[in-house]
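Pasting a structure here, questions to come.
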Amino acid sequence: MEYNLLFSFKLSLFVAGISTILVLITGVGLAYLLVYQRPRGHQLLDIALTLPLVLPPTIIGYYLITLLGRNGVIGQLVLDLTGDSLMFTPQAAICAAYVVSLPLMVKSCKSSFESIDPHLLAASYSLGHNRFSTFWRITLPLARPGILAGVILSFARALGEFGATLMVAGNIPGKTDTVPLAIYSLVESGQFVRANQVVLIYTLIAAIFLLISNILGGRNLRAWKGEQR
Amino acid sequence: MRFWRLLTTSLFLLPLLLMQSVGHSRQSPILVSAAISLRRPLMEIYQLYKQQSKERHIQFNFASSGALKMQIEHGGAVDIFAPASPQYLDLLEKKGLIHLKGKRPLAANRLLLISTLVGDRGKKIASMFKGRSVQEILLDKRVKRIVVGDPRTVPVGQYAHQVFKRLKLWPQLQDKIVFANNARQVVEYLRRNEVDLGLVYATDWQRLLSHLPYREISADLYTPIEYPIGVTARGKRRGGVDHFFNFLLSPASRQIFNRYGFADGV
Amino acid sequence: MSRLQVKIEKELAEFKLAVNFSVDSEQTLVVIGPSGTGKSLLLQLLQGVITPDHGTIQLGERTLYNSEQGVDLPPYQRDIGLLFQDFALFPHLTVEQNVEYGLLGTVQREERLQLVANYLERFSIQDVARRYPAAISGGESQRVAMARAMITGPSLLLLDEPVSALDNELQQQFFDLLREVRGEYQIPVILVTHDLYHVIKVSDELLILNRGRILQQGSWKELYRSPATSSVRKILGPIERYVEVDRQ
């Protein structure tokens, strides 16, 4: 059997999952930085973060290779620390997925934070809550729909990531061939029926995740909007 | 409330659970970067190799030749490189990344003239394959549409262009020629009977069009379609690489390549 | 007893804000002036969300801001109550949770619940305690906002255009509420508005602000009879419609 599709499915879920968790943590933080702290050069940071949205994935892959390869800044670090190269590993696939989905999360969180009435924050401060407490109790809960949307977008984007992944992680059957790469291989070798089957199942899985996310996100909104129990 | 919390946390933990079955082995395997068109024969050769020797773990990396070349240029830990065309190996050899004098021809491809069998006209065209010259077939009045790859963008189109030029038929065939974006599209047009004739790789015919009649095109009408293979500078330093490299060039491997429509490398 | 003393300056694009005034513990100061002349800015400077260029803000014994001594308390340490035009109730918290908010982290659970129940009753909002702000009326929202602000026992109360967008009846309700609260708490109150209708009756003193400067400060009677400049008169507006001005 030249295709281990079960492995590809597990790998894709793993890569997209880890990548999304990382994106969630750093994305919220970066959005907070951009909206509330506005450090020097925050415009540049904003542009840098949006870049992966407009660049073709292959170009992103190229930049990633320069960063993660043996001669790259991060690549060398990993080499020194672990003795192994970061290229051609599932971890590189996580990096690729992370880079392409981070902008979606940051944008979503940013617009969510920006839409929060500043009076609410002022009220919270006046009632004795410091920045952290205000963020945790007021900003985050109110931004939750936007954050959730960001998570969904990021996860979906990570699931479908192909071009950059192919570059840094390679298409190594049994090691780094995520589902999009497997589909690519199947189509290239003319196995269209198989390819279609894989696409169908993959779409189904993604849809299930989206459904669960929607349910989790919609509950609170209904309560606030005035529907009483 | 409890239930939803549980669900959310488990969604978070799921990737970590999957991590177990995905973790990589510690020993460093031999990595072969190959053009994706070589995937099926190579995987089969690997199966054979595993049966015959207890050699080390071999991993393959399939992508377009351009991407593979870029990976090696940027320090990718590749041991053997098998692109779809010699230029990629040559470029890397110049940079010292491919072991000099280590290049070998792995396989070759041929160009075939294919005819669809639609209706009476189709059958009549196909019947010409046995007796007539390629020139006559192409010029025949019953042939209305010929599909080839776009010579501006894909190799399979460039080879077709060479054939037409050598036969001095390019201007006369202008009205009949239909360009496809890539090899796969050429195959698609033929499969769907959108055209009467087409020029494709023998490997593509083998895979997807073997129900259609073909006619060989003389090899001196186009430059040889070669699939070379080489050991990288890194690969040369590592044990086991040469052994697998030689196996890829063995008669047993050649047989497998032939079965997929590849000709022997020259 | 917490007397507020303010002497601050802030350079802006259009003009420079430079004020020097004070408000006694039981006084209600109404700040009035055309839009964009620094009224809201003044409140933000008092709150601590914007920092002056230099000066001092003294509230009773506490120094909120002093540029010479390098004191600049963050807003969450200033102990100032805030009321907004749009009430700014936390939409994702119930009425009860809104009122409780200021006590979180500083008051223990038992005492906290007691206080909250107390205030809910005092402000007649115990019936809507479990509801979310989207599901209560405007009048109820006013009372929730007031309860939320007062439960922490602030030393100063700031109201930013509290009624400009409300209808007549709600405005009336609000000032009745304010008068009640006023009676109970002996703290300075500063109310910012651009329309004196209703407001004038709760004011002890008016502060006329224009382009960042105080034109005049005093009771509405004083301002009416002897306005410092013609702008004062203009800004004061047709107050004879709201109050009886002929009484000497």
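Which chain is which? They are A, B and C, in the order written, and residues in each are numbered from 1.
Just so it is clear, a contact is a pair of C-beta atoms (placed from the backbone, for glycine too) under 8 Å apart; a residue touches a chain by one contact, two chains touch by 3 or more.
These figures come from a predicted structure and were not determined experimentally.
Student: Which word fits how the chains touch one another: line, ring, star, complete or other?
Tutor: Chain contacts: open path, no cycle.
Student: Which chain lies at the heart of the structure, taking centres as C-alpha averages?
Tutor: Of all chains shown, the one whose C-alpha centroid lies nearest the global centroid is A.
Student: Per the definition of touch at the top, where is the C-beta contact count highest among chain pairs?
Tutor: Ranked by C-beta contact count, first place goes to A-B.
Student: Using mean CA coordinates as chain centres, what's the subunit B-subunit C distance in Å?
Tutor: Centre separation, subunit B to subunit C: 77 Å.
Student: Suppose each chain is reduced to the average of its Cα coordinates; what separation in Å results between subunit A and subunit C?
Tutor: 45
Student: Please compute the C-alpha centroid of subunit A, do the same for subunit B, then give the distance between them in whole Å.
Tutor: 34
Student: Two or more other chains touching the same residue: where does that happen in subunit A?
Tutor: If we look for residues of subunit A contacting two or more partner chains, we find none.
Student: Spell out the part of subunit A that touches subunit B in their complex, as residue ranges.
Tutor: For subunit A paired with subunit B, touching residues are 2, 7, 10-11, 13-14, 16-18, 21, 58, 61-62, 65-66, 69-72, 75, 84-85, 87-90, 166-167, 170-175, 184-185, 187-190, 209, 212, 216, 219.
Student: For subunit C, which residues count as touching subunit A in their complex?
Tutor: Checking each residue of subunit C against subunit A gives 47-49, 74-82, 84, 86, 88, 90-92, 101-102, 104-106, 131-132, 134-135, 148-149, 152, 154.
Student: Would you tell me which residues of subunit A are touching subunit C in their complex?
Tutor: Counting only subunit A, the residues touching subunit C are 117, 119-120, 122-131, 133-134, 137-138, 141-142, 220, 223-226, 228.
Student: Spell out the residues on subunit B that touch subunit A in their complex, using ranges where they run on.
Tutor: Touch list, subunit B to subunit A: 4, 7-8, 11-12, 14-16, 18-19, 21-22, 24, 28, 31, 33, 36-37, 39-40, 43-44, 59-63, 67, 70-71, 74-77, 184, 187, 204, 207-208.
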